[in-house]
Every structure is written in structure tokens, then in C-alpha cells.
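Going in written order, the chains are labelled A, B, C and D, and every chain counts its residues from 1.
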Amino acid sequence: MAEQKSKKVKAIDETLISHQVLQVPFNYSAGPVASRFLIALRDEKKIFGIRCPQCKVVYLPPRGNCGKCLSALDEWVELKGRGKIQSFTKVNYQESTHPSHPEQFILAVIKLDGADTGLTHMVGEAGEDELEVGTLVEPVFREYRKGNILDIKYFRPIKKGRA
Amino acid sequence: MARKAAIIAAGQTYHKSKRRDVNIVELIHEAVKACLEDAQMGPKDIDAVLIGNMEHFEGVYNPDLWAVDATGALMKHALKITTGGTTGASVAHAGYYHVASGLFDCVLCIGWEKQSDGDTTAGLIFQSDPLFERSNMAGAIGTFALAASEYMDRFGISEEQAAKVAVKNRGNAVNNPYAHLRRPVTVQDVLTSPPLAHPIKLLDMCPTSDGACAIIVASEEVARKKSPNKPAWFKALATRHDQPFNSDLPLLINMRTLQSAAKEAYKQAGITNPRKQFDVAEFYEPCTFAELSWYEALGFCELGGGGKLIDSGVTEMTGELPVNPSGGVISTNCIGATAMIRVAEAALQVMGKAGARQVDGVKTALATGFGGSFWTEITILEGN
Amino acid sequence: MGEQEKTGVELLDISSPANFPYDYSCGKIGSFFFKALRDQQKFYGRKCSECGKVYIPPRPVCGPCYAPTNEWVEVGPQGVLECFTVVHFSFLDPMTGKKRPVPYGYGLIKLDRADSRIQHFLSESDASRLKVGMRMEAVFNEEREGKLSDIKWFKPVE
Amino acid sequence: MSNRVAIVGTFQSGCEREKRGRHITELVYETVSGLMKKLGMEMSQVDNIVSCSQDFLDGRTISNRTIPEAEGAYLKSEAKLAGDGSQAVFYGMIRILSGKYQNCLVLAHAKMSEGSQNVIANAMFDPIYQRALGLDEIIAAALQARAYMTRYKITPEQTAEAAAKALTSAARNKNVFRGKKISAKQVLASKMLSSPIHELEAFMPADGACALMLASEQQAFKWTKSPVWIAGAGSAIEQYYLGDRDLSSAAALKEAAKRAYKMAGIRHPEKEIDLVELSNYFSFQELMYPEALGLCAPGKGAALLASGKTMADGKLPVNPSGGVLGGNPLCVSGLTRVIEAADQINGEAGNIQVKKPVKIALAQGSYGPAGQSQCVLVLSGDAKVKAKVNSPVRKKGKK
């Protein structure tokens, strides 16, 4: 205990440093729109967008209102579950915030067919070299799904013969 | 003063301790939508969007960015101003400055908090000084308990007198459909409610609420030509900050910032007899004792006379100067929105739109904001 | 429940436990103060070069004068209890992620020769045994590491 | 009522990777008292204060609760703008134009060494759809960089050139710590953080503070012989979700610049502006942002850089200070751009002063994932600059 405590005050060049960690278990309401989207991921392995009745934009991820005209959104559009990479990056550093702390992982903005905006998610089963802007991808769902965004395990390139 | 500016519309959410039916941005949007509907305006009519909250309560860094769809700020001038409990008033004042500057005609101001997504007392402990206060302080409850002990000792204020503030405000909240706690209480209820931190009991203290509030501040031209509501003009505003530690401040609860800000704002608005000249006041009273001491700081009575003033009934709905017809903070407290709700409620009173909580014939209304280390934001609004 | 009926959707919560580490520098002035607590069990306040007010917690500048503080003045270890409370409600301490043990007393103590007050724990957690105006003195921990909690608490002077 | 607002004094106390030896109050006091001394101004003469900081960076809810004494806010009006320092200048200007104040102290401070930058930045992403993916500022910028570079066929060598220019320029700037004479090749040899962004192409967390004083037209000459006027100001915010945006262009910056130009009466920015200080948190932004500012055609940022025009001795110097890559913390970075631009106008930029005369300078700040929120200020040393304030947003025909 004493040892653990003493870690909390470090001295650097005669300056005392107080080490503290803010620990709060945040628990966010997803709200009805995101809940419906996540439930469809969880229960049906389906990805839904939501259409603005005025602007006609199909938003992914779905949200309660259109940012442009502020219309309430409730017209759900089932997306085909395939799309194109708009941009991607391979992350080469480690951070506690990264999903399951892999050493390297790829994130991409993916525009699914039928949606007008892109979803940011991971890309798996492919190296960075195999990807480019425009690569066709499809979602891979987790076996045990919990009703969160990681119910999509990642997107993977559609290989010939599998499309 | 430069250009005149007025509040022409206000909107707020229904408040409760946990709004699971909306996420953060949907909660904000509820207030924005209500406000735009009140103004009969669309997002195109708005020049700028100003917003604020306290970020550690929800653990979202720069939530203004996430909320951009919900606020209608897309491609607009948008600023985030966060000053603690005073945030809602700081944002409302920023709305005034924006319009008075001549650069903007119609500014949407938003304050919000979704406290149930996080932990309020933990967030407030995180607000205290990391080296000198954090290990021992116990949120706002602890701070006001310290302040109340000093106040009671100095002026002989009783717990019964403080309890009367809760009775009055909770009674008023019955008339406010937006209030979080709408069940009236008695002095006995307050005195026998569970002790939180001596001498503060559960019913002496504000709740923690999820909620949001939005107002539109507009130029004179917009206010006169486009507003469906009677404008509530900014007559005076004043802000005061203080030294960093609560322990620096002599006679904590009497708030030298409030006294100093009142002096400036009263001078600007020509207020010499606040009890007569104000028709209504909305206080940011986090606890019962605070309302009593702020009667004094605001010159409604002499120093130490807050207890007698509540006894006299002057600040009741039927009194000479009703304080907190909305039910005040003791009935609803969504921190980043709270100070703006005070301004919005004062504006509704001036507009004559306060429904069952309306005070007759309001011309001049006062709103206070509280935050940080006993900081103040005062707003005086006026009709016609 | 009511909300579910209202929205017609099973409402989900997304849990996201926060863990934000910080290393706060005590700076020159804070380090001097905490080292004196640790090594000498003494309190030092910082005196304003203009108005002469002695500040504790110590700081580089006096707000009202906007003048630098330029002198260390030994204050305490006794003082007067000016505000106090006993905390009964249980709450999450973000520094540990756990509930802070209650009840506990804390207060604002004006140390002798200081002009501002210091906030800290009190030995008493029974409000009836505390009174504004009481003389108090600091009780130090055996093991000290250079932080405010090197002071165990303030107890009434017998 | 003041029709225009001037910067009448600036002060930088210098940024470092870590200022472990200093408490935030010590840092802010050093900075603000330094400015006051330079101006010969008493704190009692300061009307009000706008500070810029972030609760998450400072590890304190209400980050401005630490500094009221150190910044002189005792019984004064202070407002904390929790965004970028450039916006704090904009807001300070607005407060003076409102007629309530004659001057405004604007400061920004951050000690990023005390927090964990990527953990904090991750909290900027919404907890429902994005946070669990591990996104942070570097990753968001990398996604933008790839989209931009793909669309305009920009090579890694070209963005590395921008980093090399920035770091080499920063070597002459005494207020930053990361400068060194370096080649594009060396930049490309640094660790890949998140492709295509290398370590030397990304900003580095830093500690620092800076401040400036704004004054009304009536009061400006009381404090300086050479006020720098804020001739134009504009800001805008774009979509939050990266997939909502066209990441290959900076739409919010384009809009912010349009507003600032309208207010300043600038029609041909590439000809009328003498110097630019922009917030290059990442190297590709030094290519992309001049396009949004109308200094070159879309996709031509790399060609502009290669032409030498934006070098310190070129016709349109961009970031002679090295910009954010030289080593500025968040919040402070945007205010530093404004200070650098103002100092260049007054010939007070020391050994990074450009040779050409600078009359009109542009400063840009941003915050948020992939530059979501943008602010542009146009500064002018010309006393005959348009005396009337045009609204940056009001539509024509609206009286």
C-alpha cells in the first residue's frame, strides 16, 4: 500500500508531480435511433441507414435529426452490406484506447451502397498494401453480439468469387 | 451600449434525473427545436450558435463537435464557452455580445448537461484543485455545507429559515411543467430529510438533472420585425470571477462577486431599490442557504437579514418580489443549462409567457448565475 | 420503462469506463510547500509583496494586488475552524474509482499568521462536537510523501 | 462604440515539450505579467479577459478555475473559450465591439505533458459509434490525409517537404522547441504513426502559454504606436462524422476564409495577403489549407510549396515561424498564429521576421477531428484599413 502510494508523488528536478487518474464509469444513453441501429446489428446482422425526408440524404451512422435542415429522421433504409473504402489508415502505435490493443490495425471510412455518408470502422483480413481508396468491402459480424458498434468485427475486402 | 439585443425565444427540455429516451445530442436537439419553434424560425435564420456544458460530467471532450447536427451549427460561426456553473449565463451573455457587436443578428445560445451519463459528484471533485482540495472536498454539497456553517454561525440563520426556501421553490415548481421535482414539500419534510453534509439535508440541495435549454438573442430589427414574442431586452449584464480557492473567500456564501456584479449591473440599469424595481428574480440557488444569503448580496435586505426576508414572505409568488417562480435550481439542475434556464425563465416572465408560473405585469427581471469558485453572472432583462 | 413505451424501442446504454491519467506539476511554489510538510511538518504561507497578505495555499501572485508573492512565512500548525461540515452521503471518488468512506468531517481552517484558509479533513465526524471558532491543530502522518494528505487531519486543541 | 479592434501588444513565454518545473499558475502569471510589463499596463486598466483552455487537457473541470489570480481576473469579467486560441481573439473582438469593453486580455494556456494526449483525444469521438474504434486526432488526420492525397495525387515526398519546411523554419524560432534543419528524406525516415502520417509530420504535445491585448479604436493608440487591426474575422464548423464530409477539402476553412475576406474587403487573397500563419498540426495541412484559403487552386498546394513562393523569403511567406509543427500545444497554437502574424506586421518577429514588408497577414486556427472547426483572422497594419465593420455572416440586402 505504501509502495503504491509513493508512486503518486514523483519528483522531477526537485519539482513534485502529483499523479492522479480520473476514474468514472460513464454509461451513455444511446437514445432510440442508435438503439434501433445497434439492435439490428445485434439481432439481425443488418446495417440500417436513415433517410432525411427533406434532403433525401441517407445517413450512416443514423442519427435523430438532419444536420442541414434539422428535420426529424425516422425513415429507415436497409443497406446492402457492401461498400467502398473512401479512406483508410494503418495505425502503428499502441494506445489504451485502441480496440483490444492490437499493435497495428486499420481504420477506414466506408461508404456502404445505399448510404450517402461514410461509416468509420475497422478493416480486417487484409494488409494495408491490399487496400486502396475504392476497394470493395463487406462487414464481418461477431459471433457473440452485444448491441454495440463492435458487433461488426470489421469490414473485409470482397474477394472474387465471394461477391 | 452599442446595438440593443433581446431574447426573442426560449426552449427547454423536460428534465429528470435520467433521460434514457435520448442521447446527448438528441437531448440538446430537443431544446434547440423547442426554441426555434418558439421563434417560428428555421436553421437558416440563425447566424451563430454558441454552446456550453461541463465536459467531465459526461466524459465527452469537445461535445460541441458531436452536437453540430443537433444544434444546426453546420457551416455557421460556432463557439463553445464553458465557465462551470455559470456556463449557461456566460453563453447567454456571449449571445448578447455577438448581437451588440453588430456582426450577428440572430444567435442561438445553448446550455446542456446529461449528468446521468456520468457521475456529478465525481465531476465536481474533479473541478476542485488537484493539489489542495481534491482529496477532501465532497462536491457542491460539501462546499455549500461549509459555507452554510459559517453563515449560520455569523448571522444566526436557522435551518427552519433555510427550509422555507425549499418549501417556496418546490411549491413554485408545481406550476412549471418543465421542472424536474414537482412535488411540494413542508418545512418538516426538509428538516427530517436525510442528512447529506451537515447542515445540508437532502431537501436543502438541488437535484441532478438531465436537460438542456436554448435561447435566441436577436438584434433590435429582428426582435421588432420577426419575433412572434414580446422581446426581453438586455438591460444590463455583469460578470465577476474571484480567487481560485474557496478557502480564499471571506464569508464564502455572501459572495463578494455577486455584490460587485450587482453594483455594476444596477448602475447600468438604474436600479437603486432592487426590491421595488425588480418584478421577479430567478436565482441560481444550489441550496436553500444560498438563496437567503443572496437576498443580502443583491441588496433585497441588509447583511444577515436573509432569514427574516424569507419569513416575511416578500419572495413568495404572492410577495413584493417573487424569487424563483420556476422552482429554481432546487427543483431542476442540469448544470450547464441551469444558468441559462434562469435567463430564459426571466425572459419568459418579461414576455408574459410563463404560464401558470407567470408573475403579473413583469417589466424588469433579474437572473443570476453561479459557478467556479463562487463566480457570478448577472443579467437584467426588461420589457418594451 | 416508461421511456421504452414512449419510444417503442429497447433502449441501450453504452458503457465506457474512463481512465484519464494526469501528472500535475506542483511547480516551484507548491513543491516548496509540500516538501516542508513532508520533511519538517511545517506550513509555509506565501506573502504578497504589496499588501502583505499571507496566502495558504501558497501561490505566485496575489489576485487583488496583481503583485507577486515574494516571501515564505511560517504559519500554523494551529488555527481556527471557520467553516466545517460532516459528510454523510456516499459518493464516487474519481481519484480511486470507488466510494469515498463516510462519514467524515472537513473544514476551512485559518492557520495562525495566515490570511486565507486551508481546506482539510477534521478528526471529528460528529457535527455536535464541532463549532465555528474552535482552535484546531494539524496532525501529521508518520509516513509522508509530499502531498496535502501528509496531514492526517486537524483535531481540536485540547 | 468602437468600429474596429486592434491588437496592441503580444507576448509569448515560449513553448517546451514539458514544463514540469512550473505549475499552471506560474506559467500563466509569467505570460500575462510579461505582456502587462511590455505594454506598461496595470491590471486595473484591463477591462475583461477571454482565456482559452480545455478541461480535458488541464485535467480539471472548469480549467479556468486554476488561473483567475494569475491572469488578473479577480473581480473581473472573464470568459473561457474552450476551443482554439484564434477563436478567443474573435470572441475578445466581439466583446469590445459590443461597446461594453474598451480592451480585452486574450490568453491561451495548456500543459499537455500533464495528460495523456491520445486518450484525451479519443474522448472527442462519440461513445456510441466511434470511441470504441480507438480514433484520436492523429488517426482522423491520417484518414483526411489519405483522402486528400489520393484525390490530388499528392506523394508522401510532397507532404514530407511541408514538414521539412516547417521544422527547418522552426529552428530559427526561439519560442518553439522542435525545430531542426531537416530534409524531406529524413522526415520520411521517421516512424510511421498512422499511414500516411509520419512522426515528424504530426504535431507534438507541448506545454506553453501566450497572450495578447485587444483594444478599441478609441483606446488602441494609448497602448501602442502601431496597432494591428483585425480587418476580418470568420469562422465555421463542418460535419462531425468523417464520413459525412468530403475529406479531401477543408470546407469549413473555405467558408471561414470567405467570411473573413468579405469583412476585410479582400477580393484576391493570393495578391492582397502578404503573409500567412496557419495551423499545420499535420504536414499535409500546409498543402491543403492554402487551397481552402484561396491562395492557390484546389490540389495545387504542393505545387505552391514547391514553387518557393511560401518560403520565408518568397512572395507569400507561409509559417515563417514553422507553425504548430514547431511545437505548440492545442489552444495556444491558434493564438500563437495570430501573435506571429501581428508581430510580422510590426516588424517585431525577431529572427524569423520576413524581409518583405507585411501589411496584411492572415492567421488561421482550428480544432476538432480533421479540422472540424475553423477560424480565420485577417490582420492589417494599415491605419486606413476599412473603418467600418462588415458582418461576416449577414446576407446582402438585409439591412
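Following the convention adopted for this analysis, a residue touches a chain if its C-beta (ideal position, glycine included) is under 8 Å from a C-beta of that chain, and two chains touch if they have at least 3 such contacts.
Owing to the predicted nature of the structure, the values given are computational and were not obtained by experimental measurement.
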Common contacts of subunit A and subunit C? B, D
If you count the contact pairs for each chain pair, which pair has the most? B-D
CA centre of subunit A versus CA centre of subunit D: separation in Å? 30
Distance between chain centroids, defined by C-alpha means - subunit A, subunit B (Å): 37
Find the geometric centre of each of subunit B and subunit D from their Cα atoms only, then give the gap between the two centres in Å, rounded to an integer. 33
Subunit C: positions in contact with at least two other chains: 7, 11, 13-14, 16, 18-28, 30, 34, 59, 63-64, 92, 94-95, 147
So which bits of subunit A are touching at least two other chains? 14-15, 17-18, 20, 22, 24-32, 34, 38, 67, 96, 148
Two or more other chains are touched by the subunit D residues 20-21, 25, 56, 59, 68-69, 73-75, 119-120, 123, 127-128, 131-132, 239
So in the complex, which bits of subunit C are touching subunit D? 14, 16, 18-30, 59-64, 66, 68
Using the touch rule from the top, collect the residues of subunit A that touch subunit D in their complex. 12-15, 17, 20, 22, 26, 28, 30-31, 34, 38, 59-61, 67, 86-93, 95-99, 105, 107-111, 117-122, 128, 132-133, 148-150
Flag every residue of subunit C that touches subunit B in the complex, lowest number first. 3, 6-7, 11, 13, 16, 18, 22, 24, 26, 30, 34, 55, 57, 59, 63-64, 82-89, 91-95, 100, 106-108, 116-121, 127, 131-133, 147-149
Using the touch rule from the top, collect the residues of subunit A that touch subunit C in their complex. 2, 5-6, 8-11, 14-32, 34-36, 38-39, 96, 147-148
Along subunit B, where are the residues that touch subunit D in the complex? 1-3, 23, 25, 47-48, 52, 54-57, 59-62, 64-66, 68-69, 73-84, 90, 93-94, 96-98, 100-105, 123-124, 126-127, 129-130, 221, 237-244, 256-257, 260, 371-373
